[in-house]
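In what follows, a single structure is set out as structure tokens and then discussed.
Order as written gives the chain letters A, B, C and D; numbering starts at 1 within each chain.
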Amino acid sequence: MPDKPKIGFYWCASCGGCEESVVDLAEDIVMVADAVDIVFWPVAMDFKKADVEAMEDGSILATMINGAIRTSEQEEMARLIRRKSKIVIAYGSCAHMGGIPSLANEFTREQILEYMYQEAPSVVNPEKTRPMLEFKHNSQTVTLPEIRNLVRTLDQVIDVDYYLPGCPPTPKLLKAAVLTLLSGEYPPKGTVLSPDEALCEECPRKESKPTDLAFKHFYRPHQILFDNKKCLLAQGVVCMGPATRAGCEALCINGNMPCSGCFGPTSRVRDQGAKILSSICSNIDPKEEIAIDAVLDDIPDPIGTFYRYGLASSLLRKKVMED
Amino acid sequence: MRYLYYPGCSLKSTGKSYEESLLAVFKALKMDVVEINDWNCCGATAYMAVDETKAFAIAARNLALAEEQFNKEEEIHVIAPCSACYMVLLKTKMFLEQNLAEKGRIKNALKESGLNYEGKVKIRHPLDVLVNDIGVKEIAKAVTHPLKGVKVASYYGCQTVRPYSTFDDQREPHTMDDITAAIGAESVDWPLKTRCCGASLTGTIDRVGLPLSFMILKEASKRRADVVSTSCPLCQFNLECYQDNMNKQFRNDIHIGVVYFSQLMGLALGIDPKTLGMNRLFVPPENVYKIMKGGEKVYV
Amino acid sequence: MPNPEKKEKKFEPKIVAFFCNWCTYTAADLAGVSRLKYAPNVRVIRIMCSGRVDPQFILQAFASGADGVLIGGCHPGDCHYSEGNYKMLRRFRLLQRVLKVLGIAEERCRLEWISASEGDKVKTVINDMVEKVRNLGPLSIPAKMSDIDEEIKELEKEINREEVPQHA
Amino acid sequence: MSNTNGNGTIKGITPRIGFYICHCGHNIAAMVDVEKVQKFVASLPGVVVSRDYKYMCSDPGQELVQKDIKELKLNRIVVASCSPLLHEHTFRRAVEKAGLNPFFFHMVNIRENVSWVTDNREQATAKANALARAAIQRVFFHKSLETKKVPINPDVLIVGGGIAGIHAALTIANAGKHVYLVEREPTIGGHMAMFDKTFPTLDCAACILTPKMSSVKNHPNITLWTYSEVEKVEGFVGNYKVNIKRKPRYVIEELCVGCMDCIDACIYKEAKYPDEFNQGLSKRKPIYIPFPQATPQVVLFDPETCIDFKSHRCKKTCIEACDRKAIDLKQVPEYKEINVGTVILATGFKTYDAEKSPQYGYKKFPNVFTSLEIERIVNASGPTNGEVLTKEGNIPKSVGIIHCVGSRDEKAHKWCSRVCCMYSLKLAHLIKEHTGAEVYNFYIDMRTPGKGYEEFYDKLMNEGVHFVRGRVAEVTDWALIPEEEHKLTIRVEDTLIGVVRRIPVDMVVLAVGMEPREDAQDIRRMFNISCSTEGFFLERHPKLAPVSTFTDGIFIAGGCQGPRDIPDSVAQAGAAAAEALSLISAGSIELEPNTASIIESFCSGCKSCIPLCPYSAISFNEGTKKAVINEALCKGCGTCVAACPSGSIIQNLFEDEQIFSEIDGLLKFAGIELEEMEVVNA
């Protein structure tokens, strides 16, 4: 079937959820499989790097890469795929914004390695052995990819054409994206393939949101029992919905959990965390510094709350190391 | 609150009775006061005119010592009873706050001797501490022998309230009068509270210095003060020790006790006059004793 | 890459300031009219109200190379728009916590209330902040990020090198 | 950096920018190397022309811009000169005249923000470069905007019924516009009503003031509310809504004719409470009228001293005495709400509290008086019927007048109060006239600038009044010689003969200075204006807009703006009235188009912005489920813009993109500007 457009899937620093989401297409996957020729999908089928290298440059119509870029190998594969694909789609929050892996940018590589290989409670490593990048044995050389200093989004490493947001993207969005690709009518480069307005727009609890929030307390999900009809912000729960792109059809809210922001900001916002911070803080009730601080104490982990999926794509990208 | 005490040279010599009475009063008021270890000259005298930086460095050493001794305290309160010490230490602190470059030099100099100065020190005059920290109410409560009927002329002199001090009004100070009232005595309303006593001129050019002291004592007598109360070792010395010279020179008959305010406080708190160093006085405040003992004179 | 020669020079902090039109900007004008001399390191952006300061602006300034960010608004109760300064204060309190986690010292981001009459305060605040930031040293996020990003440029160069003969 | 002159493009925008840097004579050029900046900017992308000029705000400077707009087809203009608060409007108008939308203009402040505050030419130039670069980058994103006009309500509120308020009220009322004059005290007249004569003409103050006071009372266009205070102000130029509290007098104003029968009938036969109008030097009853010419002529009760208010057990003889049934002891405060277009604040001043300078012995020695007390004492209708007597009842043989009490004093106020020299001369004349005493004036400098003022000083010297140049050290009862016994001795260094003098006198007059009223800060907050460092209301520009404030439609006049005498207060009141009338006569005012708007298609309807608006300009459209901004109500603070979590609100003139590019431009070459400039100049 040489006429069918070629499609690829690849994963980098990810949990596998994005791969699952492809399978979540359910019966629609048959439609996709019929319409395209999947030429590369390491999770589902046995492909080798060499197979890809052997392909002609630009011969794949589109590859969807999920996961953040953490290692040299991921970077190398991303560059290879970029060369082979006409269109690269950053698939899911990690490729789009760094995702949960990019919370590691709160720490240095050394801090992480030290914890992983020495300090974690489950580790016994008195010799402080660390993985080696290169090991020579009997004139053979074995190499391991290098962990980079920083978790990066896909577009910080290669040119990205489109973004499918979400942790993971919903089957509906994936299907729409595939249909768009097949239609040949491509949106402008850089488009995030999801509605460009905030989640409140499609939130079933929109009606229950009061005008004046005047926060006096914030609660984390385990601290209170939610009313399952009422706006979560109105209940004092930090919901990222107002600062997060719509498109998921409020899946988490329907599951009675606050939005945690996986779809990222709208196109008009440079830093999702800063925006929700601005919005929520402006609506805090007290005026005195001490009282404000007391309310803010209810948000013990602001980075984890506001930048859960996007520290790598935030304006500061990582913890700054002072000289 | 804990306090550090910076005596300076006078309180160990001519002003010994100031130290004796003040420490006795502090003790009676259950105040926690410790002397600064290894303190040195405050830098009053001629230093300032010779080399400012060195003079400030010398003074700053005392502040650094205070910080070392009370290193756990957020704010360190140093009591400097001698007006000259008080003024110079206050001036040093302000100078260091305002001249960052000089502060750097002086900090480096202090570092040479293993000291550091952060700026946590507050320089306090005992009048300030007694009125603003302890409070006249507490003092009044502790009084056992109120000096009822004693008329006191409070004499502050110059450096207690000028030019850097802020705890009292510079032209119409009242803290010593507040204490006078608290110990049951009566304040004389007079306009010479901060007039110059002659300072070092009395010892050097006495034709300039003596009249200044004389006018103060004369007005105090004229306003029927039984005793002049002071807060400065030099004022006390000038006003008390030259009374014979004044009488000779101005053909007068001045004879009035000049004591430290802390000595009057001590008497009211029931402390024995000897503990208060009153045996060292040249002109014992006889009227005070008389009034206290209902006319009977006390021999010390 | 940091230029070793430049390190010799005295570090001059770069501070971006957001001054509200009604109080702090007017106070800065007053400082000018009064010919008060202060450190030249602060560059002012005029906004109508400190409530307009989007935390994104502050982060962008740091990301673009500012060593410090100063926000000047009207004193509490004095806001020309009644409460914009309180909104800014609340954002600022949380933003400081975010900055702290992300390694940016508290002294690098400062919120000050300066009324139209306090030309002198403009001078003292700026001088004080410049001194404090100078002591902290350069933040230079762009340089640091480009240093870190060198690690991905090498591979890119390598690939390009490999490719050149192919295309030739 | 690219050197693509005229071809700079950011995000697809290719503007044609003209940059102009002003020398401002030496004001800028002495500290900023304008030529360097000019050349530096010339090399920036998008810049078509870059020029420097001696005075950009002059006509030739503006014409330069206009010519370039036409000939070089410029569509963005950046001028680097003084503060935009000063000349932004000038340049916008110039740009508009050349046919370009005025909001394509941006101003860089390199005078107040750079040349005047920097002492290093190199650093100043580098800073100017950075600011200019930021502006160039910013104007890429400027847009064409329309200004909005709002109508001006022709009614005017005047706060304060002293001479300034009175004069402004009459001027506006005579022009046919309606005035609400609100005065806190029970009568209008202010400080001037307390004075005996006015300098230098020695007109009787009452003779010239009282006709104006009754004109106010009788003017059909003036609503006079005395004993009333402004409680709340909302709105903006053209449309202020003001709430006023009318305090109860316990006398129905409309019924009272001021016959004072009730006062005679008061059960207190003797007056026993200090009379405020006479500075407490005489007594009044609990029911009183402040002074004979008080306007309105209506009595009032002082509930603090009236027995009935305290014990409810008075025989209420006053009520019986009033045949017009004007007394109503159950009267409650009345609240009024009015709509006005403009406001004139003439809230006046306060005299310095002489007790704060204890060296002068006020309140300590009974024969030390303030000048205001002496004004009452020399007044024929004052507490002593014009007799100048010491507290012991004697005619003083010598009187000392101490100038600059509370003025020109680091420990009190640094400013000169401007009126004290002249009123001291006046009082010296009056005291001498009344008593024949030797009068001594102790002055630092005699300041008598004004028509006929110096001549008056000259006249006083010929009258034999003594003048001693020197700041008085103290007033003391410490007698050194018999002549000083039982007198007040003024100790002063006579700087003209270089001797410390001691001058014994019977009476001392302290020429107290003028300071802001205690509640000036509350008032300025209420009206949303600023105060200067001293605490007086801040004018928009000290020279060019002396009665305007930074809040449109609010004007200031008289002592609330700074120390001044009667002629100046009246002149200022006239100016403020003219400013208000000019707004009224224009009918409408153009507002800065810096309003915010919500892009409906982007708004998710999260409502985060709605409670943030201080003007309730944002509402939720239940039909579209989106928020909408009522542009007419928006004042352009931008708080909602900063807080919109999905970036769906934009503020004209302060769009995110504009500010981001300004931030970027400030830092882009940060640290390396100098090197770059050298390259440019090479």
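Here is the rule we go by: a residue touches a chain if its C-beta (ideal position, glycine included) is under 8 Å from a C-beta of that chain, and two chains touch if they have at least 3 such contacts.
Remember, it's a predicted structure, so these values are computed and weren't measured experimentally.
Of all chains, B has its CA centroid at the greatest distance from the CA centroid of chain C. More C-beta pairs touch across one of A-D and A-C than the other; that pair is A-C. Per-chain CA centroids place chain A at a distance of 57 Å from chain D. For the pair chain A and chain C, the distance between C-alpha centroids works out to 29 Å.
Distance between chain centres (mean CA atoms), chain C to chain D: 34 Å. Look at where the CA atoms of chain B average out and do the same for chain D: the two points lie 47 Å apart. Residue positions of chain A touching 2 or more other chains: 269-270, 275, 278, 282. Each of the following residues of chain C touches two or more other chains: 51, 54-56, 60, 83, 87, 91. Annotation for chain B: no residues touch 2 or more other chains. Taken pairwise by the contact criterion, the protein chains fit none of the simple patterns, being neither a path, a ring, a star nor fully connected. Shown are all chain pairs that touch, namely A-C, A-D, B-D, C-D. Contacts from chain D toward chain B in the complex involve residues 357-359, 411, 474, 476-478, 480. Looking at the complex, you find that chain A touches chain C at residues 72, 75-76, 79, 106, 148-150, 152, 156-157, 269-271, 273-275, 277-278, 281-282, 284, 287, 289, 292-293, 296, 299, 302-303, 306, 314-323.
Those residues of chain B lying in contact with chain D across their complex are 169-172, 190-192, 215, 219. Taken together, the chain C residues at the contact with chain A in this complex read 51, 54-56, 58-60, 62-63, 76, 83, 86-87, 89-91, 93-95, 97-98, 101-105, 136-139, 141, 144-145, 148-149, 151-152, 155-156, 159. Of all the residues in chain A, the ones that touch chain D in their complex are 196-201, 206, 209-214, 241-243, 246, 265-270, 275-276, 278-280, 282-283.
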